[in-house]
Amino acid sequence: MENKLLNLYHDTGIYQLELGQFVMICVGLLLVYLAIKKGFEPLLLLPIGIGAVLVNIPGAGFMAAPVYDATGHMTSPGGLQYYIYHGGIETGLFPLMIFMGVGAMTDFGPMLANPKTLLLGAAAQFGIFATVIGAVVLGASGLMDFTLADAAAIGIIGGADGPTAIFVASRLAPDLLGAIAVAAYSYMALVPLIQPPIMRALTSKEERSIKMVQLRPVTKKEKIIFPIVVVILVAMFLPSAAPLLGMFCFGNLMRECGVVDRLSDTAQNALINIVTIFLGLGVGSKLSSEDFLNLETLGILGLGLVAFSIGTAAGILMAKLMNRFSSESINPLIGAAGVSAVPMAARVANKVGLEANKQNFLLMHAMGPNVAGVIGSAVAAGVMLSYVGG
Amino acid sequence: MNGLLEDGLGLMVLGMGFVFLFLVVLIFATGYMSRLLNHFFPDVPVGPKKSPTAPAVSDSLAVTPQMAAVITAAVHQHRNKNS
Amino acid sequence: MENKLLNLYHDTGIYQLELGQFVMICVGLLLVYLAIKKGFEPLLLLPIGIGAVLVNIPGAGFMAAPVYDATGHMTSPGGLQYYIYHGGIETGLFPLMIFMGVGAMTDFGPMLANPKTLLLGAAAQFGIFATVIGAVVLGASGLMDFTLADAAAIGIIGGADGPTAIFVASRLAPDLLGAIAVAAYSYMALVPLIQPPIMRALTSKEERSIKMVQLRPVTKKEKIIFPIVVVILVAMFLPSAAPLLGMFCFGNLMRECGVVDRLSDTAQNALINIVTIFLGLGVGSKLSSEDFLNLETLGILGLGLVAFSIGTAAGILMAKLMNRFSSESINPLIGAAGVSAVPMAARVANKVGLEANKQNFLLMHAMGPNVAGVIGSAVAAGVMLSYVGG
Amino acid sequence: MENKLLNLYHDTGIYQLELGQFVMICVGLLLVYLAIKKGFEPLLLLPIGIGAVLVNIPGAGFMAAPVYDATGHMTSPGGLQYYIYHGGIETGLFPLMIFMGVGAMTDFGPMLANPKTLLLGAAAQFGIFATVIGAVVLGASGLMDFTLADAAAIGIIGGADGPTAIFVASRLAPDLLGAIAVAAYSYMALVPLIQPPIMRALTSKEERSIKMVQLRPVTKKEKIIFPIVVVILVAMFLPSAAPLLGMFCFGNLMRECGVVDRLSDTAQNALINIVTIFLGLGVGSKLSSEDFLNLETLGILGLGLVAFSIGTAAGILMAKLMNRFSSESINPLIGAAGVSAVPMAARVANKVGLEANKQNFLLMHAMGPNVAGVIGSAVAAGVMLSYVGG
Amino acid sequence: MNGLLEDGLGLMVLGMGFVFLFLVVLIFATGYMSRLLNHFFPDVPVGPKKSPTAPAVSDSLAVTPQMAAVITAAVHQHRNKNS
Amino acid sequence: MNGLLEDGLGLMVLGMGFVFLFLVVLIFATGYMSRLLNHFFPDVPVGPKKSPTAPAVSDSLAVTPQMAAVITAAVHQHRNKNS
């Protein structure tokens, strides 16, 4: 009896809690706070934060592996986050399903009306690769313990695309997955703070006031064929990007084809919501003190900020270059939307444009590079998976 | 350790090169597709896509036979009246 | 050919059906009847009943294990209920997802307006532990073959909370899972018959007529912070209750925080409905004749009724005690709602109160102990898992 | 560096693509085209087509098996379609869930008003077994490499019921699954072209003009009891059909009982939509060049067409026979609806009837044999699984 | 090879036989069920089933206590007024 | 067998003790939380929570750019008129 009482006491969190776990629970609560109070990507950061809290409760066993006896009979079931992480994230299933849903939510119309904006989506990926160099330098200098695979996974934060970052990290650097996902979603939420100073620094008021010509209307047929064209090009040139872009285009085709509206509706509602809940809990499970509380996390957070900034700058500079050579004028602000972070970055471009000229509506024009950035970072992800993994 | 740096640089060059290459090809492919489509199948442009929370179009099975019968009968009556 | 005809005849249910299977099919149909005709918790008892019918069809193989050859290639697929049971119930995933959905459906407002009612939710759990003693006595006397783990799992029926009962039973006494789940849901449906006589026996008409003061309004902030407080307390004091209460509070936080309404909506609609269908079929798979048609099931059904009755009585008596010492008057009827069985028990309290005094609306006051009972039985479940399992 | 560049080139589709893969990608795109442009069962053929495209992208690894090291740690995750196929199709889970949803969408009212039409649903299954003979002859003659199991799986195409065909093929002839599913859905879409000539050839204008008496109203109670009766008969006579018909009747019971509307609603919307997306991608994964680009596929497509035609004819002839002996007159056209292909075949019967007599509304009368055909082909599937597997 | 043909014929005979047997039994069972039900529980026939896209009936838990309290109070007041 | 009985009694005492302990702590924590919140962030109380069957609020991605552009332009026009 006293023995059992002692056992019960030994089971409590008060007895077992280690400092690292305490700190990580606080980090989880901070994410919850940012999600609810500051509106930081709440759909992901709330489940991630709760997931981080739960996985760090000592003795709760959320990441416990199931135990089987010799005959294959389960003697002790695994924890919830164990099943979620190994079933949905390690396998890549959840990010791919999310990407399908995002595809079903994406309108490529503005991009199809002005395909040149794809170049802006390409330029903004420079943030990714510049960050890879940064991480490699930190690793080569011995300051931090980054391999090439780690560096590639860190760089993808600059893609400003959550599911892509999680997919790549789960394949190249699972130990860094938690920090990478948190950095990616946090900076995506911070886009309205990170981008405007860079945009103002690199453009003059005249440039920011440039009006762009009304986009041509896009036909239903173009919207239907486009995702198929992308899939074929991916199949030809970069099969390692096919999982991401294939599911993305599948979702988009369901949206646009008009004959499977009930599937498209489910992909962008019930299915993506269910997967988002579990994805968040699964990512949160990687926010353990061993994986998160170290110098590398600081490096990742710092490099992620650099990645966003360089990507933004690269997009703007490319837009300025295109403006010089293009017959139609291009407002350099829309280049910043090339980092993706759909649709936040496009809204920021619109807002900064309106500050310079109250009649200047850039939102539609910025949506082109914005969705192009999604394709661009998926292509970059494919190159990384092929280069590092192959 | 130098190997790591070299690999990183290689990844950057190859990566940015490939991203540009792919998206430039996509620009041409997209433009070509649009021109082809608008030439062979001139079409009316579409308005904004309806919001994703709109109710799903119920598929064929969802039409109960009674409803279908009622509709058929009503259409038929209407035709007879007007002929 | 005659051979094949004979085979086909040997495959029929008529040839193979054993008496036990026949009885269990009838039990399944009885559950379906109670669900449809009597409205006994139909969301669960209908799938459970059908699950019981299906699993007892001889030769249908609903619980057949898959067969693999030496190279890991599947030579014979498993049955539907095999995958559901081992994938969702043995692992505990389905009860936890249901609990998340229930959390997203629960309004803690009335409890937050009057936190003292948590005591009633605590008192009503006496039904659980009294039943454990009953089961232990039956086991120790040699009348029935109950271990301590069995007794604990049987006691949890008194918690009047389906997913908690299934979760605990799947961990402590999987063989009794079917009988325990059926007892739990049946008695929850019978709350309007079981509770009123006990309520009338233990209270005078004056007590039942006691009016309670209007509840104070509760702010959104309190509702948001409350689930986080619960999780932190669970982490500190009882990590073994963290899976249940963690998911419950996660669901409730999604509901109240206001920034992830689409996730909350999915958790309390599409997701909980999907899981409910499969949970029911999986629980039904444990209604096999070996597991169900024995003396122990009778013991479980009897003890479950005792558990509900003692829990009701304990809640009422605690409310009478609190009424004596509290400055504000407390109607003892709301103590009966402490067994949970949300929201049925609260409605019963309201109805019995209206009988005594036509102006006496207790529903809101009874919702406090009602949801407190959910927390209380999850805590009791945690103690059991820690005490028996550890 | 040059090495890496070479690697990247060796990873491209251009370098790796084999002719068979190219052809299969084209087949996948053809299915997408038929789904979108021609409206061929788009809910299934669109995901199947995209699945076929994705699985044939060389190096994309959609069907790659996961790799584990000696300690059970995953070193390389599997592909999306690998998990979908082995988790949902090989196990039979997805077809069964679809069947549950279809049950929840089916109204047995017209059949219950006129149970004799069940005979038409029986007769039309002759298409299945005649096709089995056809396949067996092709196999016995050495022309094609069909076993009895293959022949049975091919015959089920004549059942005109997608999930039944996929379920049977996954158990009896997984290698032919792709071709069988494509044939089944394609011919179901072609019912308006295949059936009318046969209907006109086998009936006179007078027969096609026969008016049928108004169906009696059916009570809610009959609709509730009917699925239970079916389950009991299946349990008695043909347990091997219990997985299919059990789930079908479970879905139908949820629909009709009126007390679990939220489950029924989910079964026929969110759940069936989610499963349909994955079922399609999983079936598409079997459209690999090895499995599809061979003489057998041609045989399957040809035999499937024969199956539909014979089933249609058998239904019509049985209806003519019944018309001769029945007191109430029966329009032979409704016999063609016995192949199932719900509700397309019933609509075709109605349309051909209207051509003969502008006042002749057969839709409701044709719905009886139409849903009877679903039961009929599930029974046929059960016989095959028992005969071939047992 | 002849064995295969024989097996196929066996499957056809058994299969069609069984399908007919089962559905004929079902005809009788259904008819019997209907007669029994309509004899012992005469009931009003139901109209067309509502379309599956109709909103799900929210279950008991979905009624928030406030709503329930409001309803209860309103019903009560109404009764008092009319008595 | 006596050991079983003893274990059961132990479970009862520990269990009820722990349940009361936990919920009493929760009473104080909740009360403290409410006082703290209402002191530092005085807030208006909320009405009944909307029913769970209400349509989900569509997230930011669901706003198509066209819609957003229309809204932005409309707001802008409105401001210009009123200034």
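Per-chain numbering from 1; labels A, B, C, D, E and F assigned in written order.
By definition in this document, a contact is a pair of C-beta atoms (placed from the backbone, for glycine too) under 8 Å apart; a residue touches a chain by one contact, two chains touch by 3 or more.
These numbers come from a predicted model, not from an experiment.
Chemist: Can you give the shortest number of steps from chain B to chain C, where adjacent chains in the path must touch?
Modeler: Between chain B and chain C, the shortest chain-hopping route counts 2.
Chemist: Work out which of B-D, C-F or D-E repeats the contact pattern of A-F, with more than half of the residue-numbered contact pairs in common.
Modeler: Answer for A-F: the repeating interface is B-D.
Chemist: Farthest chain from chain D, going by the mean of C-alpha atoms per chain?
Modeler: When every chain centre is compared against chain D, the largest gap points to F.
Chemist: Taking each chain's centre as the mean of its Cα atoms, which chain lies farthest from chain E?
Modeler: Farthest by centroid: A.
Chemist: Report, in whole Å, the distance between the mean C-alpha point of chain B and the mean C-alpha point of chain F.
Modeler: 38
Chemist: Using mean CA coordinates as chain centres, what's the chain D-chain F distance in Å?
Modeler: 46
Chemist: Measuring from the mean C-alpha position of chain A to the mean C-alpha position of chain B, what distance in angstrom results?
Modeler: About 23 Å, centre to centre.
Chemist: On chain D, where are the residues touching two or more other chains?
Modeler: Those would be 4, 8, 43, 105, 107, 109, 237-238, 262, 265-266, 268-270, 273, 383, 387.
Chemist: Going through chain B residue by residue, note those that touch at least 2 other chains and give them in order.
Modeler: 10, 14, 18, 49, 52-53, 55-56, 58-59, 62-64, 66
Chemist: Chain A touches which residues of chain D in the complex?
Modeler: Residues of chain D touching chain A: 4, 7-8, 11-14, 16-17, 25, 29, 32, 35-36, 39, 42-43, 46-47, 50, 53-54, 57-62, 66, 74, 77-80, 83, 269-270, 273-274, 276-277, 281.
Chemist: Give the list of chain C residues in touch with chain E in this complex.
Modeler: Checking each residue of chain C against chain E gives 1, 4-5, 8, 43, 102, 105-107, 109-110, 268-269, 273, 342-344, 346-347, 350, 354, 358-359, 361, 363-364, 367.
Chemist: Applying the document's contact rule, which stretches of chain F touch chain C when the two form their complex?
Modeler: 1-2, 4-5, 7-12, 14-16, 18-27, 29-31, 33-34, 37-38, 41, 43-46, 49, 52-59
Chemist: Which chain A residues qualify as touching chain B in the complex?
Modeler: 104-105, 107, 109, 112, 115-116, 118-119, 121-122, 125-126, 128-130, 132-133, 135-137, 139-140, 142, 147-148, 151-152, 217-223, 225-226, 229-230, 233, 237-238, 255, 261-262, 264-266, 268-269, 372, 375-376, 379-380, 383-384, 387-388
Chemist: Using the touch definition from the top, list the residues of chain D that touch chain C in their complex.
Modeler: 86, 90-93, 96, 100, 170-171, 224, 228, 231-232, 234-240, 242-243, 246-247, 250, 253-254, 257-260, 262-263, 265-267, 270-271, 383, 386-387, 390
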